[in-house]
Amino acid sequence: MRQLDPQIIPRFGGISTFARLPISTELDDVKAAFVGVPFDDATTFRPGARFGPSGIRQGSRLLRPYNPFVDVYPFDLLNSSDFGDLKTVPGYTEDTIASIQKAVGEIVSKKKTIPFLAGGDHVIALPNLRAMHLTYGRVNLVHLDSHYDFWDNYWGKKYTHGTWLRRAREEEILNEVVQIGIRGSLYSKEDVEDAKKLGITYYAISNTRDDIGQVIKHVNSLRGKTYLSLDIDVADPAFAPGTGTPEVGGLTSLELVQLIRSFDFDLCGMEVVEVSPPYDVSELTTMLAANLIYEGMSVLARRLK
Amino acid sequence: MRQLDPQIIPRFGGISTFARLPISTELDDVKAAFVGVPFDDATTFRPGARFGPSGIRQGSRLLRPYNPFVDVYPFDLLNSSDFGDLKTVPGYTEDTIASIQKAVGEIVSKKKTIPFLAGGDHVIALPNLRAMHLTYGRVNLVHLDSHYDFWDNYWGKKYTHGTWLRRAREEEILNEVVQIGIRGSLYSKEDVEDAKKLGITYYAISNTRDDIGQVIKHVNSLRGKTYLSLDIDVADPAFAPGTGTPEVGGLTSLELVQLIRSFDFDLCGMEVVEVSPPYDVSELTTMLAANLIYEGMSVLARRLK
Amino acid sequence: MRQLDPQIIPRFGGISTFARLPISTELDDVKAAFVGVPFDDATTFRPGARFGPSGIRQGSRLLRPYNPFVDVYPFDLLNSSDFGDLKTVPGYTEDTIASIQKAVGEIVSKKKTIPFLAGGDHVIALPNLRAMHLTYGRVNLVHLDSHYDFWDNYWGKKYTHGTWLRRAREEEILNEVVQIGIRGSLYSKEDVEDAKKLGITYYAISNTRDDIGQVIKHVNSLRGKTYLSLDIDVADPAFAPGTGTPEVGGLTSLELVQLIRSFDFDLCGMEVVEVSPPYDVSELTTMLAANLIYEGMSVLARRLK
Amino acid sequence: MRQLDPQIIPRFGGISTFARLPISTELDDVKAAFVGVPFDDATTFRPGARFGPSGIRQGSRLLRPYNPFVDVYPFDLLNSSDFGDLKTVPGYTEDTIASIQKAVGEIVSKKKTIPFLAGGDHVIALPNLRAMHLTYGRVNLVHLDSHYDFWDNYWGKKYTHGTWLRRAREEEILNEVVQIGIRGSLYSKEDVEDAKKLGITYYAISNTRDDIGQVIKHVNSLRGKTYLSLDIDVADPAFAPGTGTPEVGGLTSLELVQLIRSFDFDLCGMEVVEVSPPYDVSELTTMLAANLIYEGMSVLARRLK
Amino acid sequence: MRQLDPQIIPRFGGISTFARLPISTELDDVKAAFVGVPFDDATTFRPGARFGPSGIRQGSRLLRPYNPFVDVYPFDLLNSSDFGDLKTVPGYTEDTIASIQKAVGEIVSKKKTIPFLAGGDHVIALPNLRAMHLTYGRVNLVHLDSHYDFWDNYWGKKYTHGTWLRRAREEEILNEVVQIGIRGSLYSKEDVEDAKKLGITYYAISNTRDDIGQVIKHVNSLRGKTYLSLDIDVADPAFAPGTGTPEVGGLTSLELVQLIRSFDFDLCGMEVVEVSPPYDVSELTTMLAANLIYEGMSVLARRLK
Amino acid sequence: MRQLDPQIIPRFGGISTFARLPISTELDDVKAAFVGVPFDDATTFRPGARFGPSGIRQGSRLLRPYNPFVDVYPFDLLNSSDFGDLKTVPGYTEDTIASIQKAVGEIVSKKKTIPFLAGGDHVIALPNLRAMHLTYGRVNLVHLDSHYDFWDNYWGKKYTHGTWLRRAREEEILNEVVQIGIRGSLYSKEDVEDAKKLGITYYAISNTRDDIGQVIKHVNSLRGKTYLSLDIDVADPAFAPGTGTPEVGGLTSLELVQLIRSFDFDLCGMEVVEVSPPYDVSELTTMLAANLIYEGMSVLARRLK
């Protein structure tokens, strides 16, 4: 579908949709759709990711149709659209998980549309991955984040933005898991061991930056459907202040953009989560998130070309 | 039309339209439409009103269907919708004026829809009033503002946000003009005389507050089609910081809301201008603007009931 | 207990407690304690009230020991302290309600301490009122707010910051209910009728301001234990921008301070809720909230003198 | 002197001076000069008033030559200019007091120029008043503030923004003292008594608002040279968030503007202090401060006309 | 000329000029002058660059006289001053272009002063380059930016901040053109071809960073007068949030500072454009812009030494 | 001591202490204590560091007990606590220096506790170093900063945040001094010579980044007690906007974190100064400062293990 042309209607005008794309809830012939998931009650610190989808739409107004670094017109090739936002149930994490799972399942199974989901906090990864599993069987997970997210529980509760990956492992819906950009302090030394026990390969921030070639080689060697989950706090807070649990010492926006451009695997879905506009400044975080989705669509388009 | 129900889809979800109303560019059977006019190149100080329409949409998310103070369901009675934004030509004031005049003219003349226009800077009043004149002949103007806006020119230029009213007078498209809330320093003592010469009745801020009954009686005695132009800087900057040329010592939000609720004349159009989101804090200004449009729709609905 | 003396240790120094009072979790001989309730997952729009308690502590640093308008030393007379924050369960509203009810119940029943609770969103009123009921039987409720808060449900869920009052009525734990400052648009005309059905007296914003003497006379005529629930959005957003569901056209900070100073009833507890620091500017809202708690403690101290 | 004409050079252009007036350090024939005093090390809470002078210059860009409410052209009648800023010694309060006293003394005694001083924290009142005393003998003080400012010391130190008035009384440089707008909690009940002992008449906020006619009558009955000291925190923080020790429940900007317009006494100097731009939002506070200085110049011009 | 000495007058005091240099509109013996160009009506997204000159003056207050990395005292060697701001015509792009061209022409031709221009949006490059051409004939252009800026038109208009370079090429006023830091999505694949057709050499962001030696070698090999145009959005938005059309993934401030320090060509003028203070945070962008001008003056001084 | 467990009490709850550690003013068995020093009257530009300690406490809420990069549990190994804030005398730099020296002296000498001091402006380094000298004799100084801080005086005053190091040299209390990260413009070329005269080794920013191995080798070769003084402006302002005299072109947060992790010398104390929360955005600076203290505690714990 065609973006609203900024050389005719200025970028500050018009109804706000992702990349100024048309709204389409039918998704006929849409190969890739932007899907908002406004929910943040599973976060453990600063809230606000419920405004992530609307913020990312605002942050996407400067995106233009041609990506010269990937050499594609992603929106044309994917016939992209904005699906709108999924229904969530504020204050009720488990109901929300069920609601998301159902809606993403329909998008994926009926229409074969590849969703680019904008969170929302990271708990939405669980229903997203379940939906992938129902359609495709076990999928690989490429997980960009500063945190492991495989703790067991918070406050005795199993479903939070820091525990979804352990749940996904327990539910046996994932194949290979590769984590990139991990840093920050931990609850205990066992956390490191748990990665091994859970069969998760992680690249800590120093490994990520020093051996970026190895990281890229690893993820591009994954076989089968692969889901890309990007927690915006993988970026340094200077580049992404608008998030809930920031960790200093992260990746720059250029490193992130270039990393995604280098991805070449069978992408079945992507999510960018933990974008919290109330903590953002000058749209730094929402613009970065919008660009990362754009790059994700671009590499998908490149494979389909 | 029906708003997106916030008890089903939370207010922080969904595509951003005015009051979460449906988008309608056809306007069939729409008696009152929200229309954005994103333009701010005729402002003389702080810019940003180009983001007014999108900001007011964000600020309108808390509006509910029933107005108990006016005792109407305005959106139902008026079959309201969001028309989207008009085309403007950034950096070219006169081209923009022509573009707006044409578009508003079509809305008003073809569909008999009453527009609720969200600026944009105050220069948009000129094409709006011209369009009213073309359909209805001379209309009255009720003008809430801290400034006279009938200076002759700025920098030798005739079309700015501070000169549109003199132009409108010169073009003989207006009938009675009543200004409310005027305050602030002036360029010269002649400004006061000019009001008389131009046949404009004004209520300075002290008269507005001390004789509010007289003000209301005056505007409600106007006969014939009447246009309501509200510059958000009529509010005190504490209540509306997000504007271009603020003047201290203005009306409170409660005073403004109650003033509009008391209006009872033959409204043919309303505009809320000079809302500049980059200077806003915590959505104070955009929420006030959205509420003032809501009250305007409500008094219109009350007359049509 | 004594505040940390700002003429010895500057106000910008020291560990942050309410009014720089000592921390006391034992509450022996403490007649009035500040109690934080950090929870905001029952909010329907802007989150952040989870940071309310810590924000209000920051906003309380300018409070001095003597209140000349009430002519009391509230902290001395009440032997006040800061109890710290209650345990909550983020993302799990009903668990949190249970946890709060238990903790407030202990404070009230065992120690006869009168709690001054800092929210947190308004759902915390329900466990607070239940705790009051368990100790004192049915209590009256003086409710300052811009919203009725007696809707039936949101998203099919019974426990939210907009439904707690209907729950409290259904549970028959309240005696008289008086609402002050009500304004804003409604879901339907039935909302107004429901107030009557639920036996709730409300003063809309215009009645509140025009008949303030009547409002005061009414609440001061209440007999028996009376709980004071203050939603900070009863203040105009210009005075309290840091809140979740602001309504334009509210009370000024001076009106609020003077209103509370005029209260003279048998106070058994007070809460100030919906303070959301991420949306605050320059501590406007947290300072107002802190001052309102101070005034509440002052009128309590005046009765006990 | 003439302001830079905003109808030729836009208000956002040009070197920033007060009201876009010319810079003049000679002051020949200048009857009223804007004088900056950048110092804030005598503040007891939030700093930043050192940026007050530059902030107020920014906030003054919208001032126009004619004041219709006072019916004067103040800058013309007073031949006003911007003197620039006085030398201060950061971190050394007593050295700074000496430096200010000398500089203000020269302005007042040599040139008979009436200074309109922009602080800086309130400690600058002491050298300003001493300079007035040296030239004129004992002067009256009209003091708009939320605080008494006559405490004895902070941290054992005699010279702070909360103790200058007691020092001035001890030095016997003042005649009558009238305080307007007083509010907020106190250190002890003796504070109220001290006002009497120090021969100070004060109007608490409620008296100020309820008996404004009496307040005006009182100050206009003062005989002899009278100095006007205005702490911006006399305004409610909603109208003046950019200040160091805000007190909720203050005057509105309209009340303040109208109050100064009603002043008619023999003004020998005016100061606006405690404007702290780092805590300001959207220039609310600096614009208010600039307007209050403008009104002060206007009433001076009216008497000299 | 000498800066106002910060060890005598603190940096937060005094009238705000670039680097606290004296104001000089005569420019006698001034080899390099700071010149403000406040205009932003040719921008296509976020406005505010009209406040660029005043913002950059504020951001320059920490600059000290000696640059140890270039080993020069630039202000002494160049006898630098602040010229003030050029006249512009808000809302009238073409009139403004004419006004700038005339004023810059006089600075360059009459006084042989090398201007360091602070924008303003990038359209000001066109009159600046025309003025260069009139005095020096065809000049080279070193262009640091994230965007090509050689699109043909926006909204059918030829003069915008995204089209000036095509105009300059069409007018045949430029010699070699080298672009550095280019990135971001494009309107079409032809954009890349157009660079070639227009005879423009560009270094995309990856080439810029990976082959910085080659970039430096290239620009230092330019023969003849060379103009340096720096759009602040060449920096990553984390380092320069205060700009109109930010692109993620840019240069760091250190990379930019070091790049300019390495320049060694015959500089005839420099501009830093697109600095928009309303979108800045904590003066990040204005301080960076001020420092880049300082480095530009330093390398000029080094050649003249 | 144990942190308040965030998996039981959410991080947004509880009284704010450093890393949610217990408060301990006795320090028995405490090997490392967090100590706040709220003072900023010796700063020469933007104030606000007086709120540094409370800001850093807020910024430390995400710190977890295990540091996987240093492989230690620092709080357990060091039995860490929060000591609260030292007494300071606002507006009186020399009194404050004396007060700090006494208090730090007691912490260091009596209890052998290693203080991790949170400023406050950099003048606090002088009393901190004096206290070290009194207990340990001459100590080495590792000084991370963008500025030399060995100027002689400001405004004729010897004790400021830019002169403390010269004073420390004059007092002969230091052994070796190594400066890291130096950049920015200087007052004169002699500044560079003075480093030599004062026996100070400095690594300018380019040397710091290009020869980081050499820097680390150098500081790790220091023999004897070594004090670590970190001015947060050593970080680039994009990573640490909340500071008083920012210099563009600094270190990233990752570079800083990794640098401290590589330190292996006999640490006798650490300070992080010049954190100014009023200029911070989204807690970027306070979170960075908190993490740097955490890394400092971690390398200390590693040596003690």
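First chain written, first letter: the chains are A, B, C, D, E and F, and each begins at residue 1.
FYI, a contact is a pair of C-beta atoms (placed from the backbone, for glycine too) under 8 Å apart; a residue touches a chain by one contact, two chains touch by 3 or more.
All figures in this text were calculated on a predicted structure; none of them were measured in a lab.
Undergrad: If you apply the touch rule, which chains end up adjacent to both chain D and chain E?
TA: B, F
Undergrad: Figure out the least number of contact steps between chain D and chain F, where 1 means they touch directly.
TA: Tracing touching chains, the least step count from chain D to chain F comes to 1.
Undergrad: Relative to chain C, which chain has the most distant C-alpha mean position?
TA: Most remote chain from chain C, centroid-wise, comes out as E.
Undergrad: Looking at C-alpha means, what's the farthest chain from chain A?
TA: D
Undergrad: Which whole number of Å gives the spacing of the CA centres of chain B and chain D?
TA: Those two chain centres are 37 Å apart.
Undergrad: Return the distance between the CA-based centres of chain C and chain F, expressed in whole Å.
TA: That gives a centre separation of 40 Å.
Undergrad: With chain centres defined as C-alpha means, what is the inter-centre distance between chain C and chain E in Å?
TA: The separation of the two C-alpha centroids amounts to 54 Å.
Undergrad: Residues of chain D that contact two or more other chains, please.
TA: Where chain D meets two or more other chains at a single residue, that happens at 8, 10, 12, 44, 46, 50-51, 90, 154-155, 236, 238, 252, 279, 281.
Undergrad: Quick one: which chain pairs are touching?
TA: Every touching chain pair, ordered by label, is A-B, A-C, A-E, A-F, B-C, B-D, B-E, C-D, C-F, D-E, D-F, E-F.
Undergrad: Enumerate the contact residues on chain F facing chain D in the complex.
TA: Its residues touching chain D are 40-44, 46-48, 50-51, 89-93, 154-157, 159-160, 278-279.
Undergrad: Please give the residue numbers of chain A that touch chain B in the complex, ascending.
TA: 8-10, 12-17, 23, 36, 38, 50-51, 53-54, 57-58, 82, 84-88, 90
Undergrad: Touching chain F in the complex: which residues of chain A?
TA: 44-46, 151, 153-155, 183-189, 191-192, 204-206, 209, 236-238, 241-242, 245-250, 252, 279-281
Undergrad: Provide the residue numbers of chain A that touch chain E in the complex, in ascending order.
TA: On the chain A side, the touching residues are 6-8, 10-12, 61-69, 71, 73, 236, 238-239, 252-254, 256-258, 281-284, 287-288, 291, 294.
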